[in-house]
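The letters A, B, C and D name the chains in turn, as written, and every chain counts its residues from 1.
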Amino acid sequence: MILRFRLDATEEQVEELVQRLEGAGCRTRRSPEPGRAIVALLDRPPAALAAELARHPLVEEVVAPKGDLRLVHRSFHEQPTVVRAGGLEIGGPGVVVIAGPCSVEGRDFMDEVAGHCARAGAHMLRGGAYKPRTSPYSFQGFGVEGLAQLKDAGERHGLPVVSEIMDGAHLPAFLDHDVDCLQIGARNMQNFTLLKAVAAAGRPVLLKRGLAGTVEEWLYSAEYLCAFGCPQVILCERGIRTYEPATRNTLDLTILPLLRELTHLPVIVDPAHAVGVARFIPPLARAAVAAGADGITVEVHPRPEEARSDGPQALLPGELAGLVADLRVLAAVGGRGLAD
Amino acid sequence: MILRFRLDATEEQVEELVQRLEGAGCRTRRSPEPGRAIVALLDRPPAALAAELARHPLVEEVVAPKGDLRLVHRSFHEQPTVVRAGGLEIGGPGVVVIAGPCSVEGRDFMDEVAGHCARAGAHMLRGGAYKPRTSPYSFQGFGVEGLAQLKDAGERHGLPVVSEIMDGAHLPAFLDHDVDCLQIGARNMQNFTLLKAVAAAGRPVLLKRGLAGTVEEWLYSAEYLCAFGCPQVILCERGIRTYEPATRNTLDLTILPLLRELTHLPVIVDPAHAVGVARFIPPLARAAVAAGADGITVEVHPRPEEARSDGPQALLPGELAGLVADLRVLAAVGGRGLAD
Amino acid sequence: MILRFRLDATEEQVEELVQRLEGAGCRTRRSPEPGRAIVALLDRPPAALAAELARHPLVEEVVAPKGDLRLVHRSFHEQPTVVRAGGLEIGGPGVVVIAGPCSVEGRDFMDEVAGHCARAGAHMLRGGAYKPRTSPYSFQGFGVEGLAQLKDAGERHGLPVVSEIMDGAHLPAFLDHDVDCLQIGARNMQNFTLLKAVAAAGRPVLLKRGLAGTVEEWLYSAEYLCAFGCPQVILCERGIRTYEPATRNTLDLTILPLLRELTHLPVIVDPAHAVGVARFIPPLARAAVAAGADGITVEVHPRPEEARSDGPQALLPGELAGLVADLRVLAAVGGRGLAD
Amino acid sequence: MILRFRLDATEEQVEELVQRLEGAGCRTRRSPEPGRAIVALLDRPPAALAAELARHPLVEEVVAPKGDLRLVHRSFHEQPTVVRAGGLEIGGPGVVVIAGPCSVEGRDFMDEVAGHCARAGAHMLRGGAYKPRTSPYSFQGFGVEGLAQLKDAGERHGLPVVSEIMDGAHLPAFLDHDVDCLQIGARNMQNFTLLKAVAAAGRPVLLKRGLAGTVEEWLYSAEYLCAFGCPQVILCERGIRTYEPATRNTLDLTILPLLRELTHLPVIVDPAHAVGVARFIPPLARAAVAAGADGITVEVHPRPEEARSDGPQALLPGELAGLVADLRVLAAVGGRGLAD
């Protein structure tokens, strides 16, 4: 249940009602926005109190979302959430481009790629230090050393960084190296242990949709993050598993306009993991922005044939630059622009 | 197997080789394009002849597509196919917009809707006279009378028309009323009896992808049309069946860049049947064009709440006009434009 | 809406109410069962009449199924439907085994296979004369000559026959050759034109589930058959299309107990098209009977490597005999037995 | 690569070759079976050594599985693996029944349910102490106290116990309470961090298939467990996510005969999470055993309407007893029996 107060409700009045709710055993959360007071009730209030809320003079509207979604629910915010990661705004007027290699592969390499990304106009640097691999015998990433290389390259080229975290025990390393945004991978979308651990760190989180995650499950996983302390969540669509064998996955842009109504969280799109073929990525990245995405994330490698992982889906630096130029025009068509 | 002749091969030389192939029991088809001679072999040639073809001085390239695809295969044409339906070009430089009601619902109504579509900038008028309905008790369309109303409205407003055909026995009615393009619906994608019957009519065909049709199966159904006499095929993606219950279907734009490499046929997108909610359609139509579609088809109704079928997914005339304006800009970004 | 009359309602009383309903523009259908009168209303009755029915002294229960399902709905019958095809009962106490080649491949061949099937204990002979093939260049069956060969072989070995029909125009050939049961293939589950045409013939129909047909759509297709004149429908589960590439399809036995509650129609299972590998078929056929199927259909070929189609999923005659023996025991465990 | 030695190869000869491989940087694993020596190579051997192995006089067969599967590959064992958990054999001649409540809900409750399970003939007691829940606000289990209650109840009634582990940090609690088998839940099938942690404990692991896990991914997750120290893995099919909304999931029995060829690990089936409706579970449990499963796992609750989670899919104790009786007969049909 979400209480949207009247604009003229005073802070004292709101606080008093919140205290009564908490006193009745009903935990509450206040929306962080300035302006209208909005309060989510995590527990069901006693019947008498619920009835009172429904006709309370201070409450303009009581929203009762289906199921348990509260903190990510669209009505918990007046405005869409703008996530701030290392100076970059995601979900604001500017569309963002996240780019970088699949895996961090060395210090010089990261410096080279970060330079390409920055010059091409990307806004954030990605790179995997801990890699979830289907096979136990595949390259599993350089670990903490990879985080250092990623962050150094980002700093040298003025780009905040994002990297996937697979284990709560690695959190100190991510914080020590000041990774600006923590990525939860598709296979961990419902790893509730990890969600809780990462939420507690208070960093922005990029939450990928599971390989076969429903919109509802995905939003619940975002609700876990919010409920356990992290309101700075970016949703990332990355293709879903379907019956179609002609492409690796099916990029689900159909849900983009729907998500705008269900949640206030920003949504970006990763076209690369859906198609798995570099030359098919730019058209899909353009489609994502045309459908209203707040940004895209792509993989870049100057020599894809040498990549330690996912080379076939890496753009060349020049392809990235061309794509960014296209997105700049497309974003303008949609009344936005690229982020600064 | 597809033989791509050298540009300097003379017509006599090509014809002679074709005769030898036919004489050896191997049926052939000539690509309709001017310029380079391209010949598809429908049957497997005898081994000795096959070996000879592989090093034949007149043959620049022998393409052996995986499986049986030949006439729809990209290498059977130098240029993408441009389908011509009632004066409209589909698959040419201009992106096309097909619009109209789900069902034809009366003479005055069709006149009204066709006027809206024409003024909004649509290029072709759609409308169902024979409706495939899941339930035997649902409205099944006005039949032949609907075809007459559709065609009259199209003529009055200068729009060629497209309508779904469900039964080969109805072909005379479609031809009598000069329906410019025959639509094969999703549920009939693998109705091979219908494909053969419709192909024989020699009209352009709009072939919808099946509810769970693979790209391969879909192209084979297009191959049926070509093999039985209809080379003027437009593919139409309309959303596939996935595990996700939040949207009616999942619009599969992922396959668009892939289709460009697999086939020379034009591809349009029907976003409405995928999402089923009118306000979600424009973002997805924009995405389709941004991903490279040759056009879109949408449903329009001036009073959706009164529609005999699919009202919730019908755009208002004003929404259609706004969408066409957006697509004009988007198409320009992609180096194209809207059709005249 | 389905009216279940009291057991003591007289035929005159029932008839009188039916006449009033018909007089009010509400078409009705009487359940063919003896005993309790059950009447399905195909149209919605006027409000006053509906209200009267709800408390009518002759009506014991008014069932209002969700959606439009009526004639196939469980409550339209007291007892499960027993389909009778050429002397064989399907859906009765005995579990049935349908067997035969994928394609009819010649007179001697059919005689040989039919002999194997009869000796192995199968109850009905299957064989395709018209073959739905994904590619236009694949073998499309021997047509009417195949029907003759199938029927002759069946008669020689005392087996009724079933064969797929793809075109309403072929109905006279099926009836001329007295094909005992008409099969609607998976790709035609929602070929409403074919459903209507086949229904009118009044023969038993074996209706395969579509490649991605939902239970609801499948039952609606059965409702088409019933509504257009064919109450003798056998449902056939044959595997659905899922994301899993390790098997051709996924046999959906999960729906078997559900179907028992939704419909009175018999349900058989075709494990071969789901797995596509002969040696995996017997365990799945056993599973189908253990889950409560009324029968199975399998393909048999004495020399699978020579089969014109689907050889890899054909059982050898000896394997069929072993499977029938297993099913006899399994059916007994479930309190049934094999059909005579 | 898997080396299957000749039966007359001596231990010294095998050891010498293994030492050479290890010396060349190629890690190896010895199959734990007595009898024939079988060695898996985790790394690719140098080309010269690989060539030598191919024609080595001591090596009867070199198996090169597609991809990276080695330790779970069928050819790594002569015999199927029999997992031993608390005295119970899983994968041996006897089919096993695992039963218990979804969640551990209290000491007396567990004693009651365990008594029911033991008397009904179940072989192992299940119960969730840590519950993966889609919503952060749902009941998350009693944690370590739940483990104590589960184990006590199991001991009192002579049943080994299995419970889901969601966090490597909880391992000491599972070991302290001597939980006989650790369950990895469907949502954690590709939680590689958890797989590695759990593998190190050396306990038997019941690995559920992911909600949309492919057979290949599932086997790779089992390979993780084996590679990191746990060869005692039980695979558990629990229904996959498909387009069909009529049932919660689709139980995939189609893969059972396939798994027998791909791996030596035992496979059990959880029908309850697929159908989600108690009365549909027994037919599917019977189907699973008829298809060759090594066992089933079901949920039991004496008062399902009071269950803290998943009440609608819990069998009553009497229903469990009836099911066990059915399975006893079915297992006998398949030449097996129930475990003692």
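The working rule: a contact is a pair of C-beta atoms (placed from the backbone, for glycine too) under 8 Å apart; a residue touches a chain by one contact, two chains touch by 3 or more.
Since this is a predicted model, take the numbers as computed values, not measurements.
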| item | value |
| --- | --- |
| Farthest chain (mean CA position) relative to chain C | A |
| Selected interface, A-D versus A-B, where C-beta contact pairs are more numerous | A-B |
| Computed distance of Cα centres, chain D from chain A, in Å | 34 |
| Contacts with 2+ other chains: residues of chain C | 212, 216, 241-243, 245 |
| List of chain B residues in touch with chain C within their complex | 42-43, 67-68, 132-138, 166-167, 187-188, 190-194, 211-212, 216-217, 220, 223-224, 227-228, 241, 243 |
| Chain A - residues contacting chain B, complex | 212, 214-216, 239-247, 249-258, 274-275, 277, 279-280, 283-284, 286-292, 326, 329-330, 333-334 |
| Contact footprint of chain C on chain A as seen in their complex | 212, 241-243, 245 |
